[in-house]
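Heads up, there are several structures right after this.
Both of the next two complexes hold subunit A, though its partner changes from subunit B to subunit C.
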Partner chain A sequence: MPGPFCKINYTLNTPRFFNLGIILLFIIIVILPILFMMVAPFWGQNAYHLGTLFDERHFGLAKNSLELAVGTICLSLVIGIPLAFLLSRTNLWAKNLFKTLYLIPILIPPYIHAIVWSHLDSWISQFLSLDIHSLYGAIFVLTLAYFPFVTLMTISGIKSIDRNLEEASLIHHGPWKTLRGITLPLALPHILSGALFVFIFSIIDFGVPDILRVNVYPVEIFIQFGALYDERAAAMLSFPLITITLILVMLQKWYMGGRSYVNLTAGSGKDITYHLGIINPLAFTFCLIVFSLSVLIPVAVLVKKAGSLSNYIRVLNTSIDQITYSLILAVLGGLLALFLGFFMSYIIERTKSKVVICLELASLIPFAIPAITLGIGLIKVWNRPTIDFVFRCPLIIILGYIAHSISFTIRIICSGIKQINPHLEEAGFLGTSSWTKVVGKIVMALLTPSLLVGFFIAFILSLGELGTTLLVIPPGRETIPIKIYNLMHYGADQMVAALCLILVGITLAFSAIFLGFYKRAKMFLRC
Partner chain B sequence: MLGPSGCGKTTLLRMIAGLERPDEGRVLIDGIEVSSPNKMVPPFKRKLSMIFQDLALWPHMTVKGNIKFVMEKNLTKDILREEIHEILEKVNLIGFNNRYPHQLSGGEKQRLAIARALASRPAYLLMDEPFSNLDLLLKEELQNVVIKLKKDSQIGIIYVTHNIDEALILANRIAIMNKGRIEQMGTKDELLSNPKNEFVKRFLRVK
Partner chain C sequence: MKRLISLLFVLLLALGCAKEGQKEVVVYTSVDQVFSEPILKDFEKKTGIKVKAVYDVEATKTVGLVNRLMAEKENPKCDVFWNNEIVRTIVLKKKGVLTPYNSPSAEDIPSQFKDKDYYWTGFAARARVLIYNTKMLKETGLPKSIFELTEPKWKGKVALAYPLFGTTATHIAALYAILGREKAEEYLKALNANKVVIVDGNSVARDMVVKGKLPLAFTDTDDANVAIQSGKPVKMIYPDSNGIGTLLIPNTVALIKGCPHPDEGKKLIDYLLSKEVESKLAFCESANMPIRDGVKKPLHVPEFSSIKAMEIDYYKVAENLDRSARFCQGLFVR
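Let's look at the complex of A and B:
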């Protein structure tokens, strides 16, 4: 649904030098590494030409990558859409419990799903005749990790439908025809956006195909750079991936128009509820199976693999440095992404200029970049004389975290700013000459829930980040995901399982704390 | 149904339509109980149609699509086409078949809402302040459409408004509501000549 307030027709009252500084920071941190990877293959001696992309090897990679992404979309839609309808429009048993739990799979990094299901390889091949170390296995695992995006977006779409539109149909038809004829088509833009997120995340994911040994673009990029030290080949392989995903992101942006991706205020009104009657047990079983496959089984397998309590204590003792290091970096990454994201969003939403349109489009680019590609870009930009101190210290990881999560932060905060009446700021500017006071005490205060969500998403993405960190981490240091990745290759299953559980535990604990703050902020603003 | 804002007119209309369940009391249509705290006949089995305050035109469907969606599904293609034509003619929307709601003017949207409401051949038509946001000229034009509809068809119309003049122009019988209760019901003359209590008197501005 478009935001209720349009862009205001005056120049932003934050100082111009400050805005330019923010834009410059965004370009240096986010755009430059990506630009480098787009240009590198076609630059200098031995430059590649586009024809290389159509040879047999590239064709095979493209086929695998597309099959993986399209397969994951299809399966995610099959699970995500019915789940969204059940959670938002029915009297499903234990609905509130499922509503609280359905997002948990996103909080578990996909490579942990892959680790779990590769442990269950023999069990799966026995009962489902599916080899988990295959393309179909990767589709299955990525679906379990990403289907909540479809559910989240579909629920958001359903909540943004004017209740009267559905009731106008219910006067004439039953719930089924209303769902098919009115609700589903009106929620379609959100459903397609959810599907697109799943497509992009699946096609750029490195961890799952690497663990399940499926040869797709991100894995091949890593091999070219990490094993064969051929950065041009790695950049060349990134090119089709970035092009496809960027085109799709732009199409989605055009298709969604001014609609909010996620309706943060959804749920305040009274919803239409369909009574499931005798199919309630069936619907409940469906939700239980989905929840079991995506949360209960992974956690149970990790608990079993990790063994006794003494193992956790041992892992905690040997990994306390990595845990502290990861938390500090993730908090810093989250805070800096929030700072940059907020001011970028403010510039995008509160000024009318062609430059702003470019900025808005540029803010979508990081969505489409594989973490491995971003890592190579960061190395190439920062590993050079005079500025290589950045490359040799943890700052490079933080820059990676910012670039990795900034698109999400900007989208969420833009969505929040759209809901704030510009007159509230104008009234502030009439009363004080201090822009920091207006931005801090009016805009940021009203945006608190969106800022919390923006920080939380950047923090969670940073805490579980693997692809970029794997390439840029300074020697001798490890984050939790890197330690898990390294231990996995040494075959230390018990420690891997315990560490995965610790990572999931930290993520869930922070999610609970975040939820508490978020609810308090919402209640305060409602008062 | 006439009454001040917040007196419960819309809630009552939604209960009649079956979109809300009453906490107590019953709703009877033609003597048959359709709503009570323990019983709810689904809205689509009540042979009603409703025009919402915001019209609730389906934005993803054309004029024709909006009308077709509520019509009986077992009609043949030819009959369907004929009936759609007839309904569009009634509300003066011929030639607008393939337009989407956002391509219509305010008055055309109102007429489409009326057309859609009639397309399902309802026994009763519920109207929830459909003309409240229109300018005076358009309001008069559409009020005439309703008056003509009342004359030409056998449909019973329940019209909700907070505008006394509108109620006096359109209604055969007026029910005056206050705080969720009907204070008085009768013809225009009955109400004006014999207001039952102080509220009715004040609301109708009877001296």
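Let's look at the complex of A and C:
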């Protein structure tokens, strides 16, 4: 695999007005609502001072949040790394089946994991001696939802290792020493990137701690909004989350260098394979337990709760509009996040300017913005008589989806662009003066797998989004997550379970289609 | 690319970005969709005015709509706010989100349930009650007052929804208003010392009693009634009939200042405040108690006059909401 390429010393021939347009669009859609919320506390008569808001209790909550995030990272590493090694370097039984299935848990929204495990609280306390309504319970549930990030990134890391190094080591040392001394250290940047994603997701997550009744920092932000109606204090409480996320993402970016983040199907079967021998049953059992806890049990509980087929039919009859509406919005949100994310990434990676560093930093901020803060920011920016049409229609939800998911899309596409030699583009410009042809036929073509992953992540995040959507959804409309939470309040467990299963089914169907496209794109590039 | 952009544009138009010509009214409601939607549909049928609703979600998340209304204040999108309680409507009045409307349908509603300047009107009340499991507790040993729950015999046996949100927050603020800050905080500390079990919402508290995990819980009449009507082994206690009385929490309805469809909004308010709607809310699973005479109701819904209602100034409750929430935040850290 080619190494990272340096930034080139000039701006490629994308027209300056186009670049400015894209940057402006990014600022208006993504940065402005966030900036509005971040600056507002310091404005006006009752301006806040940072020191007056934070007290001892916040440090206690921050400690809980850090424990939750670090605990989730540790458990995710304990599960995710061995799983990645088993799936990429061994002759594990049913390896191909597990390789297809291990990503399913991240396709199930975390609040659904939490709903399921809180139904099983007595079982889990009896067999695992774990109180699900505790910090450890939340760590358990968040790990089951997010460990595939570690596995995914570790597999990508292992696949990108030069096999000659491992083979050289194997001549003199055994497999264990090679794994410990060569494979693991070389895959470490990827492993840590996976851990970072887990950290960000678990430290800003509100849904799981809320359902499991664990007091963490985001709950405090929610209380400021929901109980005290102080949106400015709530926005200010987001500062530590933004700061810590920015620092970590910058550190990780520096450590990752130019490596590619995700490589779902890398390798062509020529990898080194360790034979597990007598421990194969043990390894198989480990994978089976992980898969059971993260997929089989949640789905089985939902199927049992949902009851007979007539419940699914009832849910489909009453929710078909919401399902269609959610799908269209998530596809549009994914496409537009992809469009903006691609050109932003292209500007970031192919332009040498100090402005780009600011842009790159700005593109990381949405990682740490709580959904409700983003929602209020969107209302403040877009709810104006002159641009009324934006707020009156679903465009506002799509803008929310873009802001919510664009950090991930940009990070993935940026790492993809790093792998493309800029000389290819230079060569392209020798043949044509049209920048659209060069970008379209060279860059986008070579980048197809990254673009697909970027779209897919934006689509999945949009489909499960609740906090922002509730604040900006046009009257008379509903999305699937809103419907699920509505039914939860009423106590319609059967319908909640059936609708959760339908949501998971839709996500899986789309994932299967996506994986098909992704594999074809990879094969095409290899040819 | 051009084709893609055209397609996106057409899809957005199809999704409802185009302006519509039909008469319509926009309502934000925190009343459960299963109860409010049929009533709004009936209004549509009767008047031909299309109702566009935004429903709030799960119990502790009833923050969305109030925050949304405050954020939209400069350019309101909503005409009518139909709240399933009263205190947050008063918060909205204080924030300048509401405008007065004296509905003709509200003439016979008692003055304690109306704003004196007509910013909001109450109807169809719920009560804060205790729910108990009939298999776990005998009639003779039941508590008559919420103040008995600090006694050792109830240690670790009572569930209370997280008191920062919803009607539980209102209940605590009402105790502040009626007892004074010092006594209310003393009571809360005693409850906490007696290991009251804090749960996520009133429906969760009810479910713990239904499943027999705890014998007793604070909840609302609508949550309790859903369980009673489906034959679960639970009953309700209207507490403090010989003391401070039971807290009644009416639904409230209010017109939004500067709303886009004021005439249609007023028609919807008139309809919601009618005896017909109050009766429908009494007959549905939420079993709301009519707050005026002459409204048809099922037998299991008590007469307003048969309950000793807590004599409370709802404005004082709203004033105490912030203070009581902050105290509970410190006391009941999960």
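Operating definition for what follows: the second predicted complex is superposed on the first by the 501 of 527 C-alpha atoms of A that agree within 3 Å, B and C clash if a C-alpha of one lies under 4 Å from a C-alpha of the other, contacts with A are read in each partner's own complex, and residues count from 1 in each chain.
To be clear about the criterion, a contact is a pair of C-beta atoms (placed from the backbone, for glycine too) under 8 Å apart; a residue touches a chain by one contact, two chains touch by 3 or more.
Note that the structure is predicted; figures quoted are calculated from it, not measured.
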{"item": "Room on subunit A for both subunit B and subunit C (clash or fit)", "value": "fit"}
{"item": "Touching partner for A:482 - first (subunit B), second (subunit C), both, neither", "value": "second"}
{"item": "Touched partner set for A:182, first subunit B, second subunit C, both or neither", "value": "first"}
{"item": "First (subunit B), second (subunit C), both or neither touched by A:205", "value": "neither"}
{"item": "First (subunit B), second (subunit C), both or neither touched by A:385", "value": "second"}
{"item": "Subunit B versus subunit C as contact partner of A:465, first or second or both or neither", "value": "neither"}
{"item": "Contacts of A:227 with subunit B and subunit C, given as first, second, both or neither", "value": "second"}
{"item": "Vertex subunit A angle, Cα centres of subunit C and subunit B, expressed to the nearest 10 degrees", "value": "160"}
{"item": "Which of subunit B and subunit C A:349 touches, first, second, both or neither", "value": "neither"}
{"item": "Dominant contact partner of subunit A by residue count, subunit C or subunit B", "value": "C"}
{"item": "Shortest span in Å between Cα atoms of subunit B and of subunit C, once chain A is used as the common reference", "value": "45"}
{"item": "Intersection of subunit A interface sets (partners subunit B, subunit C)", "value": "none"}
{"item": "Complex contact set, residues of subunit C against subunit A", "value": "1, 4, 8, 11-12, 15-19, 26-28, 32-34, 50-64, 66-68, 70-72, 74-75, 77-78, 91, 95, 162, 164-165, 169, 198-201, 203, 207, 226, 322, 325-326, 329-330, 333-334"}
{"item": "Residues of subunit A that touch subunit C when the two form their complex", "value": "57, 60, 210-211, 213-215, 222-223, 225-229, 231, 325, 328-329, 332, 335-336, 372, 375-376, 379-380, 383-385, 388-389, 391-395, 398, 436, 466, 470-471, 473-478, 482, 485-486, 488-492"}
{"item": "Residue ranges of subunit B in contact with subunit A within the complex", "value": "17-19, 42-44, 46, 48-50, 52-54, 56, 58-60, 69-70, 116, 120"}
{"item": "In the complex with subunit B, residue positions of subunit A that touch it", "value": "162, 164-165, 167-174, 181-182, 185-186, 188"}
